[in-house]
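Shared chain: subunit A. Partners: subunit B in the first complex, subunit C in the second.
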Partner chain A sequence: MDWTVLDTWIIVSGILAAVSCALLGNFLILRKMSMMGDAISHAVLPGLAVAFLITGSRASMTMFLGAAIVGVLTAVFTQWISHFGQVEESASMGVVFTSLFAIGLIIIVRGANAVDLDPGCVLYGAIELAPLNTVQLGGAEIPRSALALGAVLLINTLFVVFFFKELRISAFDPELATTLGFSARLMHYMLMTLVAVTTVACFESVGSILVIAMLIVPGAAAHLLTDRLITMVLISVAIAVVCAVGGHLLAITGPGWIGFSDMSTNTAGMMAVVAGALFTLALFGAPRYGLVSRWLHLWTLRISILREDILGVLYRVEEHPDASNVEVSSVLLGNAIGAGALDIRVAVCQLLRGGQLKRQGTHFRITGSGREKARGLVRAHRLWENYLVEHLHLAADHIHPTAEQLEHITDTAMQDQLVQDTRQPDRDPHGRDIPPALD
Partner chain B sequence: MNPGHNKHTRRRPAGVRRLYTAALILLGLTLALPGAEAVETRSITDTTVALPTVEKLVRVLSFDDYNLRVVALGSMMLGIAAGIVGSFMLLRRRALMGDAISHATLPGIGVAFLVMTSYGGSGKFLPGLLTGALVFGMIGMGLVLLIRTQTRLKEDAALGIVLSVFFGLGVALLGIIQQLNVGHAAGLESFIYGKTASMLASDAWLIGAAALVVIFLATIFFKEFSLVCFDQDYSNAQGRPSVKLDIIMMSLVVVVTVIGLQAVGLILMIALLIIPAAAARFWTYKLGRLILIAALIGEVSCLLGACISALAPRIPAGAVIVVVATGLFIISMIFGSARGVVHGTARHRRVRRTVERQHLLRALFEWNEEHAVPGKPATDAVVRSGMPLGELMQEQSWTHGVLRRAMRRARRDDLIRTGGGGRVQLTIEGLAAAERVVRNHRLWETYLITHADIAPIHVDSNADQIEHVLGHAMVAELERLSASEFPGRVVPPSPHVITRTARPAATGGGT
Partner chain C sequence: MAITGILSRERAEDRTLGTEHPENAPLSIDDMTVAYHHKPVLWDIEYDAPEKKLIGIIGPNGAGKSTLIKSVLDLVPRASGRVLIYGHPYAQQRHLVGYVPQRESVDWDFPVTALDVVTMGRYAKIGWCRPVTRTHREAARNAMDRVGMADYASRQISQLSGGQQQRIFLARALVQDAQLYFMDEPFSGVDAATEKAIITLLQDLLANGKTVLCVHHDLQTVPEYFDEVVLLNMRIVAAGPTRDVFTPEMLQKTYGGKLTLLDEAGHALARARRR
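Moving on to the complex of A and B:
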């Protein structure tokens, strides 16, 4: 791999584009309008095409203007169709952007001879070629695209910094925004305009997939990692930078890893791939909203309920007149509670370690402290059964599952309340004794 | 069981039957096309952009061209299948799901190509490529569902993430493939924009077979799918496997998307899934008909699109198909007989006119009541001279223009008369009509006071809105409830003091 000044400029353009998109993307995510980014980035095609046909060049303000107008029109048309036609918003968005894209495609193909523009370039961009087109600025050769992207980044940063409060309020509570005296609708259209402008600036250098990927993915990953908007914006910017650098490195070296040495591939595509990889990391590993922590949380909850269920089963066995003949193995526990063998083993281990259970050969017996705990549970269970029959008029054969769930979240105060609200606090609807309260 | 419910239960199987028959008719129509023998294969790389000659036009319109017949057949079947599946997606509020799925198929095509070439295959073996697309489409769909259900991110973000990341991966793979020294690699790009004109007979049969499967499954699962679309909880409560049905439905979307890739390309495939269904919704409120109309719109757009692009081969067929579909969508949105804008506006205007007329009649009636001398009939001199226009203006918050229009229409129907001095009075017919309106108004007010415990001073504005929409059954019910208070058909007295809406004269002007 030989690094050239071109590579540096590719990465710089990539970073500028990615950060510009990510800044706006946060607010699209929060306003549940991510697909608007997708729609606009597809729909600006006719705007670009018409501007190209009129001016015959790829480097003009007309292009920005054409695309920005069509971008805003996309938002407006979507609104119209969903309002006048009573079509669901996502469907009307789909109608609008695919139609505009088709029109743009036709214009481009028809005018392709006259204009140096092909749909592929629009779609995947040509970030690799972007640095070749340079301008002189203060004695240094700077790629024109980097300059344009830098300008867009500046605009977006200023927009987010100056309107941070307004953006935040209108993202979370548009009605509040209106009562506070600024129009959430105005913020909406400003955001849409900037998305369109950013999309156009990025098109030229990095293509539309990168726009969509960078609009949505960094913000989405950041949203999984934090609850604070300002942190979310900063994280998304960091992710965007990593995507740009990593994407280019991967584009140069990646094909070698899967057996195609001496090859490089599309940087924009690889930036999207890196973004996807980072998102996957966040998806699984995020401290609070990640899948792993979520599953872990659910699993610990399930085990703690299982522990209580095991104690409950053993307590009920002891209640039985010929309790000494019944021997409870872990298989029996699994069958009685309906839990998997692994879960049962973990729960039993925890109970043994906590001294609430003791092992006798292959069987288990409840200890003193375990019995105390189980008594509270069984008491709560039977009090609830009484309550359900008495106040909700449920049949006696329908109350067990509900009581089984409620027993785990009933403390002594609630038990006392149940005692007060039921007529016979010492016998449940099935005729079994309700154990007395703990001392 | 009430008669309405009975009717409803009888209709459902009929809907399925109709759907099935119509699907068969559509099929017959499409299969009849390639009947004649192939005569000549016209070059599809023809680059002329000039207007088509008459000869060419005739050839296209008579489907004399074997190539065109294949293309037309294939894309029509695609349109039908997309219309059917799209209808369910639209009702399931997942219109953009097709967007994510179709983008997600691109890396599948790339991977399939790489795998097939590395095992010495041709790499462009279509069933192989489509299998790759199918697998990745399914993975993409699964990821969308995973992100949506398991994290705090919403559907829109899930769709956006999957589509952009998968598409990026696909583009990166295509970037590698283009540098390989295997021929024909460039052809893979046709999956992005579609290349309808290059459709082979075998492709058309593949699309046709897949479309048949879709139609068949949509027919046998019609009831289940509609249940899941409209009320998933109810479907669960009925003991139907909603999740499995959902997966079948989504898999149909993936299948349709994949077979459409070659014809219209992955970006425009989204349009075929959304636009026909969205357009069909303007024509009907019934699911069975919605699906039929969506299939028809999909079919017509594909057929017309294929024909137009055969006339002008330089225009990408996929884009033409979408533009035709958009045209049909716009026509449907404007002229649709169920939710169309024109229809809706007309209905809205009818309601508004009724409301204005009833307000006018009630105002005149109440004025008569107020000015009638107690003990004398309503033929008293003051009453007969009519209500002054100025007072009428104060009655409701209407502009001069609205009032004048309402009066003109009422006069035309002989409900009111205008006397000298700008006074307005009811005719005999007008009096009868006004009695009905006032009676409805006051019955409702009485109901609100006695049954909803609303203070008499607050009932007027509510009754003002309700009086226009009370049906016969409702009026009968209200009469029954207050029968003891107002026996017979007389107009009940107002339960509250009638106050004028009294708009300030300064702002009372209007056009």
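Moving on to the complex of A and C:
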């Protein structure tokens, strides 16, 4: 791998573009308008075309101005159509940006044949070529695109830092924001203008597809990872940086891994791949909102309920007149409760370790502490059965499943309440004794 | 010219002959009409809120209760009419007005803590582009203490129960330190303890000379909670002291057939229970 100044500039441009997008993307996501980035990045096309037709140049300033105006118009039109046409905002957004995109294409084809607007370039960008077009700044040779992206990043950073409080309140509670004098509409249009400007600045280097990816993915992944807005913004920036660096490294080394050692692939494309991979990682591995942690949480809950059910079954067995002849094995437990062998084994292990259960050969008995715990559960179960029959007039053979669920969430205070609200606190509807309360 | 001239003169006379608006009422609504997509939601609203009272806004679903509040706060445009807060337009009096929106109106998965949300009530005092300082957070903590939520300051808001979320909203209104409060169904979906805490807090506000207008659903508790009521069903059916206005006839007029149906259902249920 031959590292050149070019590679450094590609990564720098990538970072500048990705971070600019990610900063604003956080607030698009929180305002539930992720698609607005998509819409604006398409809709700016007529703005660019008209700006070119009027001035005849592709100078950055005019392009920015054209894009900014159309970007705001997109937001305004979307609002109008959804208000007057009484359609959903996303639907009116779809109408607006496709129409504007089409108008842009027509203008380019009919009026601006001279524009070298290459669709491939718009979609994927040309980050590899961008560093070739340089300007002199203070003696150093700096790529023009890096300069533009740097300016945009500076503006976006200042915007997020200075308007952090305003962005937070207008995204969380736009009505309160407006009544406090922070017009949610003004914040909305400021954000839209910056999204439009950022989109145009990034077009040249990373292309529109990556703009959309970088607006949404870093913020969406960060949202899964934290509960604080500041942290979310910082994480999204970090993800954007990793995407840019990782994307370029993958682009120049990736093809080698699969046997094309003398080639490299598109950096922008690889940035999107890295972004996708990071998002998937967050989706599964996030500490609280990740799929794995949610699944683990549900599983531990299931096991804790299972532990209580096992104690309950053994307690009821002991109640039986010929209890001494009944031997309860783990298979029997599994059948009685309807749980899988693995879950039963885990629950039994935990009970054995907690001293609430003891093993006698292949079968189990409850110990003193286990019996006490079980007594509370069975008591809650039977009190609930009484309550359900008396107050909800359910038939005695219909109440078991409901009581089975309620017993796990019934503490002693609720048990006392049940005793007060039912007529016979010592016998359940099936005629079985209700064990007395624990002291 | 003639017809429009006469009409406008008549309207002008109407206004001078109409109800005199007291000089500095906390809220004074004059001839207000609000429409959504040309469909009127509120008609000819004339209302002056008395000072230092707990006022309940009562009416059936779709009566325009929330819209009344939102149009007063300039969140929903008015088709006609004028609203004054302590004698001046709302835009000049923002600092005197606190607002508690419906709990369902925000996304509770938003990455903010309870303290962050309460601090938002101070944003107007802080001003554009200035950071939140310790003094403001201290004020927010005090307000959380007043609603019994001091221990939940650093919780993410989705981890709070419905009642706790409502208390957070109230604490946020408290730190606004307003004179006039609008609350949109603060009692909806809260537990008994929170309901009690809220009503204590409202009485506390009242004792401090504030005026509170509250959209309320539970007719049972109206006489107990509110000094004054506004009965609303697109128009103001009646407004005044609860003991004068909150009568079966007036409720019948406000709720129309809907209440009768509910009444019947209530009677049927009572009969079924007795059997």
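Just so we're on the same page, the second predicted complex is superposed on the first by the 414 of 439 C-alpha atoms of A that agree within 3 Å, B and C clash if a C-alpha of one lies under 4 Å from a C-alpha of the other, contacts with A are read in each partner's own complex, and residues count from 1 in each chain.
One rule holds in what follows: a residue touches a chain if its C-beta (ideal position, glycine included) is under 8 Å from a C-beta of that chain, and two chains touch if they have at least 3 such contacts.
Being a predicted model, the structure only gives us computed values, none of them experimental.
Overlaying the two complexes via subunit A brings subunit B and subunit C into a clash. In the overlay built on the shared chain, the residue A:L351 is in contact with neither subunit B nor subunit C. Residue contacts after overlaying the shared chain place A:S99 against subunit B, while subunit C stays out of touching range.
By the touch criterion defined above, A:T226 lies against subunit C but remains apart from subunit B after alignment on the C-alpha atoms of chain A.
When the two structures are aligned on the shared chain, A:K32 is found in touch with subunit B and with subunit C. Contacts of A:F163 after superposition: subunit C is touched, whereas subunit B is not reached.
By the touch criterion stated above, A:Q86 is placed in contact with subunit B and with subunit C alike.
In the superposition on chain A, A:D173 makes contact with subunit C only, while subunit B stays out of contact range. Comparing subunit B with subunit C, the partner in contact with more residues of subunit A is B.
Only one segment of subunit B in 7-15, 313-321, 457-465 or 475-483 runs into subunit C in the superposed model, and that segment is 457-465.
On subunit A, the patch touched by subunit B and the patch touched by subunit C overlap at residues 32, 84, 86, 223.
Interface residues of subunit A, counted against subunit C in their complex, comprise 30, 32, 84, 86, 162-166, 168-169, 171-173, 175-182, 223, 226-229, 231-232.
Only residues 37, 70, 73-75, 94, 97, 99, 101, 105-107, 110-113, 116-117, 120, 123-124, 126, 128-132, 156, 172, 176 of subunit C touch subunit A when the two sit together in their complex. Contacts from subunit B toward subunit A in the complex involve residues 49, 90, 93-96, 98-99, 147, 150-154, 156-157, 159-161, 163-176, 179-180, 189, 192-193, 267-268, 270-271, 273-275, 277-278, 281-282, 314-316, 318-320, 322-323, 326, 329, 333, 339, 341.
Against subunit B, the residues of subunit A that register as touching in their complex are 29, 32-35, 37-38, 42, 81, 84-88, 90-95, 98-99, 101-103, 105-106, 109-110, 119-120, 123-124, 209-210, 212-213, 215-217, 219-220, 223-224, 251, 254-255, 260, 263-266, 268-273, 275-276, 279, 283, 289, 291, 294.
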